[in-house]
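Chains: A, B, C and D, in written order; residue numbering restarts at 1 for each.
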């Protein structure tokens, strides 16, 4: 290369974009444009030096021959004319600093968030104590909340290799509605505490990212307002039956007029869980029943909701709407079978995020119990699940085990701390994690998932294979 | 609502009670009286603003339409007359502060206690070191004490949904005596160290809350004094046989004249456990046998109690009293079967709170062992249990597995730190936890419990299915 | 009692001994002599107030009627003559202080030690770093050392109740030699580092307490000197075969002339474990082979011992001595069977305290493996065990599973930090723990132990039932 | 010895070498030359006192008779002539200090490193943050990375005793190439970040120590330069197929001309894992696709490598080279069987160090899965493994279970922090650990390993015995 032409720093500096990117390495000038996206270390590292001298960082990592072996000879443009070096040339490029420490109580920039645990961590540090307590709390010892996550970690993959996975797509359908990913936002109460945009911001995010959204009977905004904001979102409605059944009839009548896609009837909340981190912040409130301070939220928290809803009421709800009906909060294979007998359109396996009854089964184990006791259900209705999902790999595990889609509640609420953009970021992270995991698992679309791709050996012994207790033959006579 | 009448702050302020409760929201005046108990966030939050302006807190959580959708139109009373706003109106309502930090060594107000662990924590911080050591201690490595709790946490629920659970009642019977909850206070020694009221305060609490009480042969007050204080308490008596059998005969003769309901003969204390946190506080005491300081409490702690009581002595006790006889401290299915053969009225599965022999089985596993080896017993006599119970859910698990009632020792002792009121609070917490859990489990009274409502898969492998060791065929010949 | 006589403080003060003990309670004077040993709280608490006023401490714990109910009427001596109270009377008795904090690096008084863990803790704080490192160290990751203890904790009792356990005795025999407890001191090297008395002090302690002692080929003192000091100790000898076999022949010839009871041939040390906490203290020593500093103790630590000893050599050793021969360091049922075929007198299940090969099986599991694979051995030869034993309950578990006696190495070495008295104290603690546990387990002598008294369910799945790997059918062809 | 001759300090001082080593003990002068290597405490301790007075350290450990019993009488040379003691004599020998504390950020001397964990610890403290992050990172929650190590620890030995293990040799063959130990250096990217010598230094170390080396397609130096430096190293090549297949053809053509022994085709990297500790350091880099900062390295990290390589491409690779072909990254027995059907020369069980898909099976479990499902493979092709190996015992476990050789990646990279000498030290440590473990396991060469020498009971339940999920019968119909 000794007879190559000399190139001035001024000329080199102009080739400083992704479309036209020159680098100086050991006084050689290289056109790296075609290589940017092939760089094993990623394009950003090259672009940081676009139109500049990259010798120092290059040499820390590569041997001099690497650039010659990686680029074709015509990419070599000549040698640096060292006589043209000036103070401008000598300035360092913007250094790549790790994310700056953020002052206490302030949210770090959204681009520094790299997974869904970050959102929870940031909310813990920056939301008001009562917002964080209400969002993170669960019933009594929080066993179910924590085991939702822990049990997912005890299920592993059995990945297959040498499949063509150049193109991967996690698109799916929920009740016939196409979504870009089999993920939905779970209904939550007091959403506005986290961010004034509440379900509106979530709806815009879901619409933009192509996932579904379920809103609560207790949503901060009514369905029609959310649909005004985000007309394209696949919106579903979580229903609590009101003690005054007439109110529920009116509500369903209204929903029938809106572009709502399904009704998720909550069946696991026929009582209120004792949520202690929340309760502890409110011990000084006066109990209006007793006139005294302290405790007892579980009992006194009034509820407009009917605790007497039974299987027979499904017929009544069916008479009020033609929308698909899903039972949310199924926790045993036995009740999944009853749901099938009652011809609902789907079940959502859920323990209410561990917020109601502690020591209910971790969600993913309910899915396994269905495989043990009633695998035929998977072909007859759609099965959804929520509880503990934080990662693309978590979602993929549930899909392999027959779930049609996966819901996330708290994580999207923590992401809502950043408004719509936070929720979009959360979806984006999940999609990236899923796509990476699908490739590495050896599949390209979700028609290819099946139980043989996961190893559940570490939890199989925890899954009941019978309706009754396996060895306790005793059943009590009437005991009163 | 523009043509509604204007209402003065003076008028609004008068509607400030649970019976008559107006709120101002966004300048609208609403009569919320009918809604107070339906408020999903609980009535207290509404009552804090009774007769006041709630706009600020309302807006943090709700959208403007919520109030219109939740209340009927006639609840709208008009608009706030802003010209009547004065300094009184502008005063904030009493803020809802989280419980104040309490100075070191002082008990926090009782109303801030929300579960039974709180009582232990407060005792650790506020009782004298020797009181706390004596109460919390257990034998050697405290394995059994800690596993009593841990094993309960390894048993889960299998809750059923869509049952009518509007009305729930945990009432039960113990030996034919009706109680409001299947719970009793276990006998404890040195009770007075915790509180001068000792068993008297406990008896009044048990009477008031409708649960049973067992007192120790070593109780701080004799049975007759407790019954004087709390004549309605279902009182039972824990018996140690005295080395001088005549004393036991006299004791039973006296009990026969009192309103005592049963005798619980302790069978797991034919020796004294080595309780190290207690022993460590006493190493400087001079051992009167050796004349030296240190150690050996286990051996030297004199005992008036007969270590030679055997199955044959049951006949003798039966000859002394007609009261029901329960064996307290059964730790194997084999001994439960012997108890049945000896026709006692019940057994109490107990390892003495782990205070005697460390590595005795966690109580709940003994219950499971009975299901494996002798399920017929549950229909022939009453089975009680104690050891590690701290939560309503714990109690419910044992009931599902066949226990007729559950005892708590240390937790009520720690609650006694607050006297009678503390013990009542403890019972109240347990009842609230039980009622909430029953609803969420899908049952309304205790005749509905059965083993199929719990999942014991995580501990089933720990439960012996035979009297002998399952694969160790060897039995020693005489070895001396 | 109003008409009782008044007694002066001077008179009361004279009844201040275990043989004649008066107490003042609420102005009543009581002769408690007959009750001292029956006091549930132990005699020391009474004796502290002998001849004094005990009202204050009594009232904290007892109700006024307790003393009347516990003592016969003739024990009441009269009332305190309050006019005789003077400054002497008002002085407090010596307070019962908890053990004083001890200055850094100083050993606390021996009487404050209450279990064998205390000895280790004290050695860690007061021995020289190299002494503690050498004693506590084990091979590489110390898995086996730690699991020796952990696996013992995973075995539980199945205690039986209502047995007459007034008199309990842990006496046993080892190879026909009567001992007061089935416990022996294991051989250790560099014993003198811990205390100059070394094996002499241990021998005196073993003699005094009636247990056996095994000394190492590497003992700090030769067998004859130890036997001079402690002629009554049941002394056994741990043998390493010397590379120069003649030296071993001379050694055995000498032992044949002494009152040595058995030879324990070590078979698990055909190499040296890599003991890192020890090695780390010596990295600056120059390796004389390489002339460099650092590492490699495992390889370079010269050994006089023959790494080529095989099963065939047992015949040779038998030709040199008539003493019983035990193989120390058996770690599989397969080798136990070979030992039986070679007609040795016993095996000692041991992994050298985890000091040689890490990930060798925890000792107690080897005992279980023998029950699975060769239970007949227990009737044909004596089986000993060491590794992880720290408590009376540990020893009892091994005895239930067929061990004839249990060895402890490190714990006695840590106790030797206090010389002979420390070792005696350690034995005393173990005996007290064993006696307490035997009573509570429902047995009175060691002929009554059997596997049905323990529950090994938590570890059974870890015990191989075959010589070969249970499902790995492959065996390599020659691989080189 | 009283009539022995007196020897001056000047004379004694001259016997101060391994070949001629005198010591003074209690005024006696002993020639210890013949005993140096037999000293149970190692030769270094003796040599430190060669030609000097060792009484003080000797007495701390030994009794006066030890030296007489250990040495033959002719080793006694006489008594110290105390009149010749001078200041030179009284100087202490160089003290044996434990390794000095090293200033923050500086590497401690290499001779203080005693195991492979030390190298990682030192790199964490002394490498640049990005070097350490890149090297230590793994995918998302790092479960697989950590479980690679944890599962190895759950496999134990079943050692056999009384075998002749005087001579032990861990030599082996890899693909017919003799190596001194069945260990190879795994391929790594960005190797130069750790040390400028990169693969050249590793190659020299591998050559010197007699192990194999695999270099990456992304190696810092090309194969020919490494072979120039270390012509004797058994060099193997890890292949990523380039998107432009022609480049791969050229690469293999070049390799065919070099002394490369095998091609390891990576099959577990058809996507890029999300490595968060790495990603977190780069969140401020601008994503050239989106033009925004943050995240998404997983997706945007361009790759020159073909994600569409399938089983059919094996034929194509075979057409380009005659070198043995091994598939690196097999994670199921099913794919191992496919590999055998495609007649490759071997498989390497690997999950890419947990860097690609989290929750892939820990490597050692894949080996066990092959025993369950396809043990015949072990006799038909060579099976290698990497992932979590840090100790000689780890390697030995894998060999017992059928692995022909074991690879280490991160540990050698951390050792490279010290250049060639560091890598040699790492190999030396592993060899010493293996030799020690082989002796203690009762084997002398690697033809003697077999599965019966390990106990895998603690993990057996985690190993799938079927291709499909064992009880989930459901397989999805097409789901889109």
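The rule we apply is simple: a residue touches a chain if its C-beta (ideal position, glycine included) is under 8 Å from a C-beta of that chain, and two chains touch if they have at least 3 such contacts.
Please read these numbers as outputs of a predicted model, since none were measured by experiment.
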Inset, instruction - Determine the set of chains touching chain B that also touch chain C. - result: none
Inset, instruction - Average the CA atoms of each chain to get its centre, and name the chain whose centre is farthest from that of chain A. - result: C
Inset, instruction - Specify, for the interface formed by the sequence copies chain A and chain D, whether it is same or different in terms of residue numbers shared by both sides, with half as the dividing line. - result: different
Inset, instruction - Compute the distance, rounded to whole Å, between the mean C-alpha positions of chain B and chain D. - result: 55
Legend entry - Inter-chain centre distance, chain C versus chain D - centres from mean C-alpha coordinates, in Å: 39
Inset, instruction - Two or more other chains in contact with one residue: find those residues in chain C. - result: 461
Legend entry - Interchain contacts (touch definition) - all pairs: A-B, A-D, B-C, C-D
Legend entry - For the chain B and chain A complex, residues of the former touching the latter: 18, 36-45, 47-48, 60-63, 65-66, 69-70, 96-99, 109-115, 153, 155-166, 168, 171-173, 368, 371-372, 375, 378-379, 391, 393, 397, 401-402, 404, 428-429, 432-433, 435-442, 445-447, 449-452, 454-458, 460-461
Inset, instruction - Going by the contact rule at the top, pick out the chain B residues touching chain C in the complex. - result: 129, 140-141, 143, 189-190, 192-193, 198, 218, 220-222, 225, 243, 267-274, 276, 279-289, 292-304, 306-311, 313, 327, 329-332, 334-335, 338, 356-361, 461-464, 467-480
